[in-house]
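Per-chain residue numbering starts at 1, and chain names A, B, C, D and E are given in the order in which the chains are listed.
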Amino acid sequence: MKIPYYPGCTLNTVAKGLDTSARGAAEALGFEMAELSQWNCCGATFPLSTDNVMGLAAPAKVLSGARKEGDTLTTLCSVCYNVLKRTNKVIKDNREKRAVLNGFIEEDYDGSLNILHYLEVLRDKVGFAKVKEAVKRPLKGVKVGAYYGCMLLRPFEDIGIDNAERPTIFEDLLKALGATPVEFPDKIECCGAHLAMNNEAVVTKLSGNVMASATGVGAELIVTTCPLCQYNLEKSAPKVSQERPGFGAVPVVYFTQILGLALGQDVASLGFDKSVIDIMPLLKNKEII
Amino acid sequence: MPRIGVFVCQCGNNIAATVDTKKVAEDMAKVPGVVYTCDYKFMCSSPGQEMLKQAIKEQRLDGIIVSACSPHMHEKTFRKASEAAGINPYRCEVTNIREQCSWVHHDQTKRVGTIKSNDLTRMTIERLKKNSPLTRIKIPVKKKALVIGGGIAGIQAALDIAEGGREVILVEKEPSIGGNMARLSETFPTMDCSQCILTPKMVEAELHENIKLYTYSEVEKVDGYIGNFTVQIRRKSKYVDEDRCTGCGECIEKCPFKTDSQFELGLTKRKVIYTPFPQSVPNVPVIDAPNCPKIQKDKCGACAIVCGPKCIDFKMEDKIVTEEFGAIVVATGYQLMPNERFDEYGYGRIKDVINGMQFERLASSSGPTGGEIRRPSDGKVPKSIVFIQCVGSRDEKKGVSYCSKVCCMYTAKHTMLYSHKVHGGQSYVFYMDIRSGGKRYEEFTRKAIEKDNAMYLRGRVSRVYEKDGKVMVQGADTLSGTQVEIEADMVVLATAIVSRDGADTLAQRLGIGYDKYKFYNEYHPKLKPVETVTAGIYLAGTCMGPMDIPESVAQGSAAASKVLALFSSDEMAREPITSVVNKVTCNACWDCVTACPYSAIERDTIKNRQGEVVRWVAKVNDGVCQGCGVCVAACRSKSIDLKGYTDEQVFAAINAF
Amino acid sequence: MSGHEEQSGTTGGYEPKIMAFVCNWCTYAGADLAGTSRMEYRPNVRIIKLPCTGRIDPLFIIKAFENGADGVLVSGCHPGDCHYTTGNYHARRRWIGFKHLMEFTGIDMRRLHFSWVSASEAIKWVDLINNVTDEIKKLGPFMEYRGLKDAPPQAAE
Amino acid sequence: MKITLSRDNIESALIHQIERISGEDFKRCYQCGKCSAGCPVSYEMEVPPSQVMRLLQLGMTKEVTEANSMWVCVGCLQCYSRCPQSVSVAAVLEGLRQLTLRKGEDHQQIKDVPIPFLKKAPQQAIVCGFRKFVS
Amino acid sequence: MTDKDMEKTLREKARELLTSGEVKVVIGWGWNRARTKTTPIFITNPDETDRLIFNPLCVNNLSVYLTRKFKDIQALGRPAIVAKGCDIKNIVVLITEAQVKRQDVFIIGMVCEGMVYRQELWKGELTPEIMPTKCHNCDVRNPHVADFVIGGRSAFTPPEAPVGMVFEKIKALDGQAPSERWNFWINEFSRCIKCYACRQVCSLCFCERCITEKNMPQWIETSAHQRGNLSWNLTRAMHLVGRCTFCGECERACPVNIPLNLLNQKMIGVVKDAFDFRSGYDEKTHPPMIVFSPDDKENFIK
């Protein structure tokens, strides 16, 4: 199976780990992430203003390009996923905007693309059962907090990957990997997102809430699908530790990294070294490596 | 030659101001067949009517025209008068020269008005010449009522009808009557215990010689029309012989198997052979077949062994009984919207998030906790409870757009019950508006706030989650404009009231209308609140929409009074405006049958002496026909005509134009 | 016995004869309301009351023209409001067929009007009558149709 | 505080402009407060989401445009996803942001963006930040 | 399969049906004495089935003999009827309107490559010019409802947009001013002599007592003056709305050549557009004039 794949800017740089581990895992599971021959940034935010059609041009360009390489497109970064999927819906449902956009990008794209998040590929195309079979390094006894964030789930009408209030797709994967997902209330709350640029206080508080909520129920590890979440959480960890007595920071890694780990990929190849909080001690004392 | 009298009314100055009534009278005298005309100040006054009667007698009139106000006003009056004077009421016609002439044409010279009045009157005269005398249709009325639904509304209707001396069959699909009210603890605003006021009524219904209870039964099929309904009722197998069971309860005692109790809304278990609740009426247990090992795989059978009168029969099967009724009262009630729709409130995920009805059970002295407020998860007494209003109500996105009406009141009641039962307990109520319209209702909610220290917060809750054994509620108080977080021990959701599953199916069986929420439609929201478009079928209670106990009871009685009025005479008289088929020329193409909105037309046969079918013809059922005339226009061979609006009458009018 | 008196109303000159077929429950009541609200409208219309628009046979309309109507108006409850639940839906179907037939035959559609007037729409009724009357007044008498009777079978060429 | 209401304010051109840009109808909001309840940053907002809607209903644009609310919104869409009336306050705040940005008034001077952030942060954060804070 | 072969099979089938007693009478076409024209014949005797013929002259629509207008034929017992696709359409309507039960009639469907419009036009071969409009647009050359089909499958597919004089004329009329149409029709109807041949020949005018014979009230003026003529023709057309299958018999039968096909086909078009209904294809669905849909579209009811 070959699935056209859109990495997005971040995965080419700071979030390389997310990208490489995903490709590796795909291989292990017997499908190929065929990176688009040509792609550009998706815009990193879906314009909420109705009159901003220009903001949709970039993702539209990506989509029209992808359509030429197949009828589905997968991506890893929650934000890319959110932007692409919603833009696609606009093009599909809104005749006027479709016309305008196609004018901009000089294409004739109709929104017929099926946008899948890597998680959806695993769930719907591969199947968690098959993933389970492929596990070589079960993550026995690791209490993992699956952090969804916002962009993977909302708005439900447009995204619909899973129940927006009590999603399980992430936990189901973790179970397949032998880990023990912990249910923590803030798993669908926001990390502070782009406020990282100019409002560290807010980011620290929000990311703090998320991490505290997870560790509060015993999470030893937090996994995410979004580079920005990962960044905000890790970056805030020290401050949070200062502000909140009794809070102990835990590693924050990408779901594909522990996927690769479970599938028996070479640990060095997974890019754990990029993360600030080292996951190795945890893995060692759980005797996974 | 007919002998027609024309009476032109001046209606004081209402008509006379713009119509020369005298001239109209004179002109009409020239019309062939008219033998007497006059104009008078007030035809509808008793002297006016007297005058009319006298003229009929003296002039030996056989037809009456009254040119006056709209027939919608006084047609009945003048037809009555004519009848009193001995001519057929349908030989009397009213010309509308007020609403549709004198009042809308302000020509003071009276020219326009007079000309138009002449025309209209002449048209009516010609029409009248073709009027054949008609007699009101008499439909025999079967003086026995069916009440569907044994909740408070149904019980009330049944009792009132029975008290009126008429037979009633009360059909309830659960093993006991009582409905949702039987679940309630106390009732607002009087705070008297629900069961204390309901149970006596239930028993009364059971013992009343005019009421027959069909519990654990459902309506399968409904045929016929007002006064003459034929209904098939499925009496589901109870596996217990009702007549012989003494209700001793031994069987329940001995039954070794348990399952969730629907009556207690899953808060506790019940036996597999059970009565829904201790005061069940009738006090006859039923076996819950899907869960009974004896019935499923022929194991156990303990109940049968201990049963003294030996009235348990594992082979018992459903019975279909057919009964005839003159009227039907529908009181099928409501249910709560499934809370699972509101994941942010964690219902189903968090044990200590329950709905209002479950709280009623917790507060009820006959409930699973014997009336002590204890939370489901660990049985602890909650130190604080958050009540969330409008869960599903007034929520276009995930719920329904309407207001469930009773939640504001019962939540106030809940806070009171809580403060009375748990001293020092703190209750919080998230509300959008406090809707306490009703006798002593506002005082009631105020009391909850002022005397029982309920903390009312104007705002909605965004999410509910668990944190170290507490139920965290994250809401807002829009009045102070702040976010609110509450560490609660328990959360109670005021879940929306919705129509029952299968409400639409029943409506289709009965031929009554329902709205997009599957609540039943009344005939007229103001003037016919308990009638339906189908004559002889009446509504009561929450099957029409959210309402509280007083309203439901009032409606039960209202419906009952309608039924008793219908039953007050052996026959029901109806306007004879119905279609009639000319059997000789009918082609039996059944177009009329297809077109009729009331399925009032049947396929009939004409047989010869040997009883062989000679031909098929359409036949109108006078009881069902409402006289719209759709069939008449549909019939190409003109083999159907509409009494009171025959082609001849209409043509005569057109020709006189 | 057709004797509709030629009248010259307040406006003077030719006054058209207009026949209206209306249903008893909506339009007739609407017309009554116009009266009780003392509105004023053109006096040219003569109403024939029927229980429901579903009762109206297209032939009524033809008959009206035969009897010298210069215009015909048909009106009843709005779709969905029928006192007999579906009578006006049936009527609408027939009118769709009949209207096209009349049009194809060359009847001037300004002489045949269909409309929905509810019991509360007195104003709509008044406007309707006034507009229809004025329009037909402009057209003058329906000579084409009135002429038919007297013309000998083969005459028209 | 006392306000004087007038139709001119309630139906002002500015109000309609914000409605147009955001694609939201302010009248839809019935002030249940669920947005303020669920908003992760409303504690930080000078005017919490539900009050933003209320003020706009009253035509009080000044109060909302001067408040920090629009710049604090993280666009997590929790308000929209839980709103019983399907109103997106996030979109309304975006509308307000656009009002300012389209006047060329930046909320964030690019030169002031901390260098370590530019170095370390994921591109998406930078792009997204610029889109929301810079004209 | 040539007409001769079809005739042969037809005769055998008819004989078989009559001998077996499955049917009591076979309604079909035969020659007139001069063998110049076809005429309806009713075979009850198995030995006479060779009188049955089939050729492009068999234009008459025999379905009318299934109606209550012909009680004597009904009296003979279960009929078999020889029918072209277009005739079968009428039989379908008769079934829909409960005039015939499907099982009570044996339909011998004849595959048809077209008929002559008028038998006088027959010069020994069938050319498009002498074929009526309906044949040029026929989509039932292979009988769509039949118990027994005779003839090799026709490959003919009707044109996307209907062609032929009738349609052209309708378009022309639609393009004219009302007054012009009025004059056209009044002129055409003025010839009407109220012989009611159009009614007699139509199998869908099956009323035992036609509206014209109802005199209380007198719906339609009987004397043949123009006003009555108009009323009659309008009524006839109205009564056929949503039912007429455009078999064309009425126009063929009209002694004064009133172009009734125009009226009928016009209304067929209206019904198709307004209610997406085509008469004569499915006996299950009711004719559109006696049913309704809450969302019927119109733009003229104010």
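FYI, a contact is a pair of C-beta atoms (placed from the backbone, for glycine too) under 8 Å apart; a residue touches a chain by one contact, two chains touch by 3 or more.
Because the structure is predicted, anything quoted here is derived from the model rather than measured.
Visitor: Note down the smallest number of touching-chain steps it takes to go from chain B to chain D.
Guide: When the steps are counted carefully, the minimum from chain B to chain D is 1.
Visitor: Which chains make contact with chain A and with chain D at once?
Guide: Expected: B.
Visitor: With respect to inter-chain C-beta contacts, which pair, C-E or B-E, contains the greater number?
Guide: C-E
Visitor: Could you give the separation in Å between the centres of chain D and chain E, each centre being the mean of its C-alpha atoms?
Guide: Roughly 72 Å separates the two chain centres.
Visitor: Between chain B and chain C, what is the separation of their C-alpha centroids in Å?
Guide: 39
Visitor: What whole-Å value do you get for the distance between chain A and chain B if each is reduced to the mean of its CA atoms?
Guide: 55
Visitor: Go ahead and note the Å separation of the Cα centroids belonging to chain A and chain E.
Guide: Those two chain centres are 70 Å apart.
Visitor: Hunt down the residues of chain E that sit against at least two other chains at once, touch-wise.
Guide: 219, 289-291
Visitor: Two or more other chains touching the same residue: where does that happen in chain D?
Guide: 78
Visitor: Send over the residues of chain B in touch with two or more other chains.
Guide: Residues 344, 463, 595, 634, 647, 651 of chain B touch two or more partner chains.
Visitor: Chain pairs in touch?
Guide: A-B, A-D, B-C, B-D, B-E, C-E
Visitor: Report the residues of chain B in contact with chain E in the complex, numbered from low to high.
Guide: Within the complex, chain B contacts chain E at residues 584-585, 587-591, 594-595, 616, 634, 636-639, 647-648, 651-652.
Visitor: So in the complex, the part of chain E that touches chain B is made up of which residues?
Guide: Interface residues on chain E, with respect to chain B: 68, 97-99, 206-211, 214, 216-217, 219, 239, 286-287, 289-291.
Visitor: Within their complex, state which residues of chain A touch chain D.
Guide: By the definition above, chain A touches chain D via 8-10, 13-15, 41, 43-45, 47-52, 55, 77, 79-80, 150, 153-156, 164, 189-190, 192-199, 201-202, 206, 209, 227-228, 231, 235.
Visitor: Chain A touches which residues of chain B in the complex?
Guide: The touching residues are 343-344, 349, 463, 465-468, 472.
Visitor: Report the residues of chain C in contact with chain B in the complex, numbered from low to high.
Guide: By the definition above, chain C touches chain B via 1-5, 7, 9-10, 17, 19, 28-29, 31-36, 38-41, 43, 46-52, 54-58, 60, 63-64, 67-69, 83-87, 90-91, 94, 126.
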